[in-house]
């Protein structure tokens, strides 16, 4: 039976590994190559890597670094950040990146998504939707350019549109819960899960393996992504790459075993 | 030596790295004459059916490849969309497939109700149920692999199906006709079991 | 005049240590120093319960109102892992486990740290060294052609730990250093003092390409004089105050914590594995296993013939050398052929660069004079 996925989410910035809180205050975690290698040794289900460098515009992804990271990993990689053309996507795929994530460009230029799907197939094209709560009603809204631009778009409507375009997977990135380790926002997840009939992954808020367990129990086959949980240890948030052993993961996922 | 076919669509480097780390001689094949040097071949594939066929035809490797596989019976392992192009045709595109294994490719059955579990594409770690023994499965009895696809291979002859995987219904996850093997999953990105399968392909006789 | 190859009849140190001296029985000066200076006072850690209790009480008292009463530097290796266990379970201390991530942690090290911290319910602090600067400094050391290219890691480890203790006013730093497995030290010729910041700065100046802005630096005077005598921050070695048998420690931690052993001491760092497994023996003929195994022989944890057996094979097989060299080159962002060029470059020594060795020599004799350091490095 298909298992839910437990996925470390890593942030790159200027070639280094970082972790944010609410998409701000990046904290240096070290060399990404060692982190990828460690997750590989720990048999992580897959990795999601986002490049949050501010000055990538026009330069595209850091292909050299990504090539090294891909060569270290025997598990699938999903990469997002600075992708603006089909050539970028092609190059990433040839380096060994299975899934390519588009974010801001999905809003500004959805034609590229259609073209990419026709060349690379739905399964290789992912869209990451950054979501923030806005206004005094705390409505969910899609955010762009690393949560620096408000779009006024409703995440559920946007997800439906992307499903119609043929996108293979959606990653819901909760800006408000990022780095807080206080649990996933089930309301947001449920709204999108029940509306868009394509595979979903969620990142933002995981603080423990129990949070992961509750998420996969509630939403079958969802991808449970986490940043802080897999790079920090203990109440002082000491940097230490960690990931559940196969036995621990079975316990976390066993509620969905069939 | 294992030859990994680089026809412009696929993560060639993933296979090369893996075989190198296992100490198995491997080479990337970009020219037809290189095919004769390989004792076994890998046909990778990431992407859509028509793109794969177009790129393969444009690469000028097809003729030498067919001679090697169909005449000299060089063992070949086709991966993901590489496996799908072994068929005659696909719902995903309009071009003809290689037709090396009789059958066609259709969209995975799904359910329109979002509250249902089975969404397309099929993506993640799933197990295979071996229905026909093969040396490629040595020490892989309860193995799990990473799948990432929206279409399935419907083999015309049931004896061409070596393993099934359940997702909504059961679909063919491993197919074989003589020296031609196809796997729907990505062994190059399936950790230990994937490495073992790729090593089995090298070590065993087909 | 080239010395004829000779091995000590008691341990396995030999003339690859160019300063080695033998007495008329063929016993080397390392063994004699152990016999004369170390053993009488260390006594295999026996009969030290009183000192250990005293130390424990002092740590508890000075740390009473603080969140932690001591820091323990933990690499994931057996000595520091065992120390963490003893400190919490046997001495009842409240340590902060301090780990320095220089970018080279092996998977076993990370698992071991996690296992110990989780199961002992300890607090962990990790200091992450700026990778770009560490990488540049390590490359500078390669270009310098000296034997001790692991200085950047070692120096960073101690500098950060001392600075952290000084910043938070933690008066006791516990290290896993011990006579039981380290009564013989690596000769200075093999591993020059990692704390000599003037040599580090000189090598960086000559061969580095980016400034050391975030890299932690400390000087010998700061950590050997200012810290202990002015700030009253003490570095202590509790494993010397008890019988410490390495094999038993490994077995006990494996059973109780799922601790995973390494092939050789210090292999918890991928870089150190390359350094001690290939760079030192291949380029310089310095095999650090001789030092480690000789210590175990002198402390009755290994028989000489067992050590000689181990030394018959190289520390890393040729296949492992390939894997490790490729990994190191890739991680440092250089071509493999460049790394091989470093290996084939002329061998340099500490004398080729600026140093404060005179301070160490002076300091060591003072400390020995006061009985504050037994044996010591030479």
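So that you can tell them apart, the chains are marked A, B and C in the order they are listed, and the count of residues begins at 1 in each.
The rule we apply is simple: contacts are C-beta pairs under 8 Å (C-beta built on N, C-alpha and C of every residue); 3 or more make two chains touch, one makes a residue touch a chain.
Worth saying up front: this structure is predicted, and the values here are computed from it rather than measured.
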Centre-most chain [mean C-alpha coordinates]: A
Dominant interface by contact count, named by its two chains: A-B
Chain of greatest Cα-centre distance to subunit C: B
Separation of subunit A from subunit B, taking each centre as the mean of its C-alpha atoms, in whole Å: 27
Whole-Å separation of chain centres (CA-atom averages), subunit B against subunit C: 50
Intercentroid distance (Cα basis), subunit C paired with subunit A, Å: 40
Subunit C, residues touching no fewer than two other chains: none
Residues of subunit A engaged with two or more neighbouring chains: 71
Complex contact set, residues of subunit C against subunit A: 99, 101, 103-105, 107, 110, 113-114, 117, 123-126, 128-132, 135, 330-331
Residues of subunit B touching subunit A in the complex: 9-14, 17-18, 46-49, 51, 81, 92, 110-127, 144, 146-150, 166-167, 186, 188-192, 194-195
Subunit A - residues contacting subunit B, complex: 1-5, 40, 43, 45-46, 67, 70-71, 73-76, 93-99, 117-124, 168-169, 193-200, 220-221, 223
Complex interface listing, subunit A residues touching subunit C: 15-16, 28-31, 33-34, 37-38, 41-42, 68, 71, 233-236, 238-242
